[in-house]
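In what follows, chain A forms one complex with chain B and a second complex with chain C.
Moving on to the complex of A and B:
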């Protein structure tokens, strides 16, 4: 609660540049939370989660450029587009587990990246789709509130992030979430108890993909463009780092991790020459001293 | 060892830069071939004893984060010492020419690399199958607890294995140095290919890794010739196909 209030006050006092960075961090936090549904709760270490972030961004971008105006349809497009991609990829990847699963999800994401680069008639290749408009807010534009301003767009991302947080939290507390954790701990026993474990895993994979798609739509609106970079494996890697730094099996941890990783990268690269070395040392120190991530601090206390 | 080490590509890069340093200083490629594995074995053993040892019980994710941290540290150290530009060294004396076999022409250095690869591959398979250390390692991989109970000194075995793996990566870096460009970032390229190779072959299987390397090597060359833009995509498609049909790799044990 306090955190949400502190975040909500950012547009009131922060310089424009930092509002922009905080917006990016919020979008990245939504993405990291969706990944932790897989990594933490379902025990599925995906290294290709950027696939759904990117597909969501492209789905939203194509619709917005096709003159669809409206916040809800655009977010839905990202969500459903990503979900549609997650279904077959999940069905195939979930035949494997552990490092094989990690590599297979990476392979699918890289293939989609290759598709985004090469299918130029749809995606315009490496140039990407540019000039994506942000939707109008019917009713609110009379009050002079527009998503083209940094403040309102930041609030939109904050609202979506809080909504995603609440939905994911209640999901993992539901019987569905408990079943997922049971499958993570002992698949064979859950199967013996009569749970169709493959379907549960697939459902978690598609859900996580859909939430990543929402983050992707917001990213497309925020940047005004969608490029193949969104699907590149480094994006998946960065999200995985945010999840581990923040701490798995919680949603507040990955969200905080997303902020920390983004700000550490930006802060160090601004002020230190050898920033990669410093960032690397920071990650090493994190694993040594906080192997359970940021939430480990709170849980131990 | 069931450790996911993203810094393995860095060992390869350090090997290549060691070769560069030694060859520039002494003009002696064979000396580099000796120095680099020793240096990397020391680095590998030190990293294992100080850092990675603490991580085995925490699962793969902290390993990913920490070893990724090390790749950042190593690449930055290399860049600060040697700069961002691409370096190259000549092939060792006597191996700079070309050899004509039937209708094709090969560089003699490529044939030398082929020979070394066959020798090392054969030694690895023999060591893995027939020596005491190979038996101990296979036991450690398949059941850590049981191997420990049977009186095997696992910490020492793991340190040795890690150092040996690092030394081999360094050796590969030296051998690659005259053939490919030496630059900060060569680590990431070779790491992805190596991961794909071991996953296709099946984890914990030396023969699988050799088979995977053959499959990927051929796939990569054919891919680069037919679709130069999409060679790496073809590699991933190949891996996806293998894993969908055989979820534990070509020669991996079924879990």
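Moving on to the complex of A and C:
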């Protein structure tokens, strides 16, 4: 609650550049939270989550370039587009587990990346789709509120992030979430109890994909472009780092992790040539000394 | 004391200047100033600039596949700024760098950082075409004076050109367009297969070649060999897709590491020897590539580019020797020339407006009016495209007894301007 208030005040005092960075961090936080539903709660180490982030961004971008300027349709496009991609990928990947699941999700994501690069008539290849307009806000235009301004766009991202947080939190507290955790702990026993565990996992996979798609839509609106880089495995890796550094099995953790990773990337890359090295060291330190992440640190204190 | 600073500066400038070095320098300079103040022997140098500082934001890749290009361009800029004492129009020029990296998202963040955080007066840089195109609307919207120092995407000289964005490097069309005529008419090679890295620059370059080549009676033999970009995998299947028995030669667009791995593999498999002609846009065999592949170089390759190391003009001879002296033996390349010219455009425009950049339209008019003798030959801007007009040299790859592998100029097309309207 306090955190949300503190975040909400950012546009009031922060310089323009930092509002931009905070917006990027919020979008990345939504993405990281969706990944934690898989990694933390369902125990599914996906290494291809960027696929849904990217598909969401492309779906939103294509629709926006096709002159759809409603906020809700654009967010829905990202969400449903990503969900549609997650269904078959999940159905195939979830036939395996552990390291095989990790490799399969990675492979599918790289395939989609290849598609984004090569399907030039639709995606314009490596150049990407650029010049994506931001949605209009009917009614609010008269009040001079436009999503092209950084403050309002930041608030939009904040609202979506809070909504996603609330939905995901209530989801994991619901019987569905408890079942998911049960499956994570002991798949066989849950099956013996009569739960269709595959379907539960698939549902979690598609849900996580849809939330990642929302993050992707916001990213496309925020940046004004969708490029194949969004689907690249390094994006999946960065999200995994955010989840682990922030702490799995909570949603506030990955969100904090996302902020830390983004600010670290920005801060470190300004001062250190090999900033990836520093980020890697940070990651190792967290895994070794703070396996419960930032959240574990707070809980211990 | 001040010699010490100068020595340190010269030594540091050989590499890349980053913020830490500036800090170190600042600290040592402050210490020296303190000592000087205590000693009471204040030495006032030649009159320095008295106007406000002119901050230039340089967005170039210093990491990733294009890091070498970024470093070369920065070195070239440094060299010119140093030659005029880092000042122009009574303003001290300060350079703030940000890492363009590879992905557009990072290039956008880097641009926003120099503009909003560092509050620069002008932006220069951009190596990769998507990054230049992706930042175009933001820079244009802010009316930020911008010079593109490498990215060749045609649209910036055409549909997406901006009165605030000028280009000192080339459009992808420029080096390849004259080559179609040259290959078909002067070399008499009529059957060519296209080989290119499949992204904006590659597609635009081969399209320009194809236009004049087929217009002069040549035939493109399909299918094209289009490699992924960047190609981190094996080049073998792509090299084998060259139909050596059906064609007179290939026309190729590849750059940097892609060109290196492709040429090495083509030499290894003996494909190069079977080809009557290896031609392409000059980046394919530019000095950075030749230095990496040495004797795997395609002897006698014919390529088009806006510069060549052995160019005989006085400006180039001067540039090449000073560059290698300044940067501890590093050989100059086309990217360093682009950086050098970019800095010169900035300095001359600042001088022309006497340092007054508040009227941006006047400053852009001054930029548009800059022309000079560059190491690449005559340099001027085209008023319709905001792109440089320049000579395209037809070059032949040879092993020079003095320079090693390089490209000898065998013909030229002066005053090539992008056809944008």
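Keep this in mind: the second predicted complex is superposed on the first by the 296 of 301 C-alpha atoms of A that agree within 3 Å, B and C clash if a C-alpha of one lies under 4 Å from a C-alpha of the other, contacts with A are read in each partner's own complex, and residues count from 1 in each chain.
Everything below uses one rule, namely that a contact is a pair of C-beta atoms (placed from the backbone, for glycine too) under 8 Å apart; a residue touches a chain by one contact, two chains touch by 3 or more.
Remember, predicted model here, so these are calculated numbers, not experimental data.
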Inquiry  = On the A-aligned overlay, A:13 touches which partner chain: chain B = first, chain C = second, or both, or neither?
reply    = neither
Inquiry  = Comparing chain B against chain C, which has contacts with more of the residues in chain A?
reply    = B
Request  = Have a look at where A:118 lands relative to chain B and chain C in the superposition and call it first, second, both or neither.
outcome  = both
Ask   = So, does A:241 touch the first partner chain B, the second partner chain C, both, or neither?
value = first
Ask   = First (chain B), second (chain C), both or neither: which does A:289 touch?
value = neither
Task = Could you say whether A:104 touches chain B, chain C, both of them, or neither, answering first, second, both or neither?
result = first
Request  = Once the structures are superposed on A, label A:128 by its partner contacts, choosing first (chain B), second (chain C), both or neither.
outcome  = second
Inquiry  = Need the overlap of the two footprints on chain A, from chain B and from chain C, as residue ranges.
reply    = 114, 118, 274
Ask   = For chain A, which residues are in contact with chain C within the complex?
value = 15-17, 20-21, 24, 114, 117-118, 125-128, 130-131, 223-225, 227, 229-230, 232, 266, 269-271, 273-274
Query = Given the complex with chain A, which residues does chain C contribute to the contact?
reply = 18-20, 62-63, 98-99, 102-105, 108-109, 112-113, 116-117, 129-130, 133-134, 137, 153, 198-200, 228-229
Key: Residues on chain B engaged by chain A in the complex (per definition of touch)   = 4, 51, 54-55, 58, 60-62, 64-66, 68-73, 75-77, 80, 195-196, 199, 203, 229-230, 232-233, 236-237, 239-240, 243-244, 247-249, 255
Message = Quick check on the complex: what are the chain A residues that touch chain B?
response = 39, 45, 92, 95-100, 102-104, 106-108, 110-111, 114, 118, 237, 240-241, 243-245, 248, 274, 276-277, 279-284, 286-288, 291
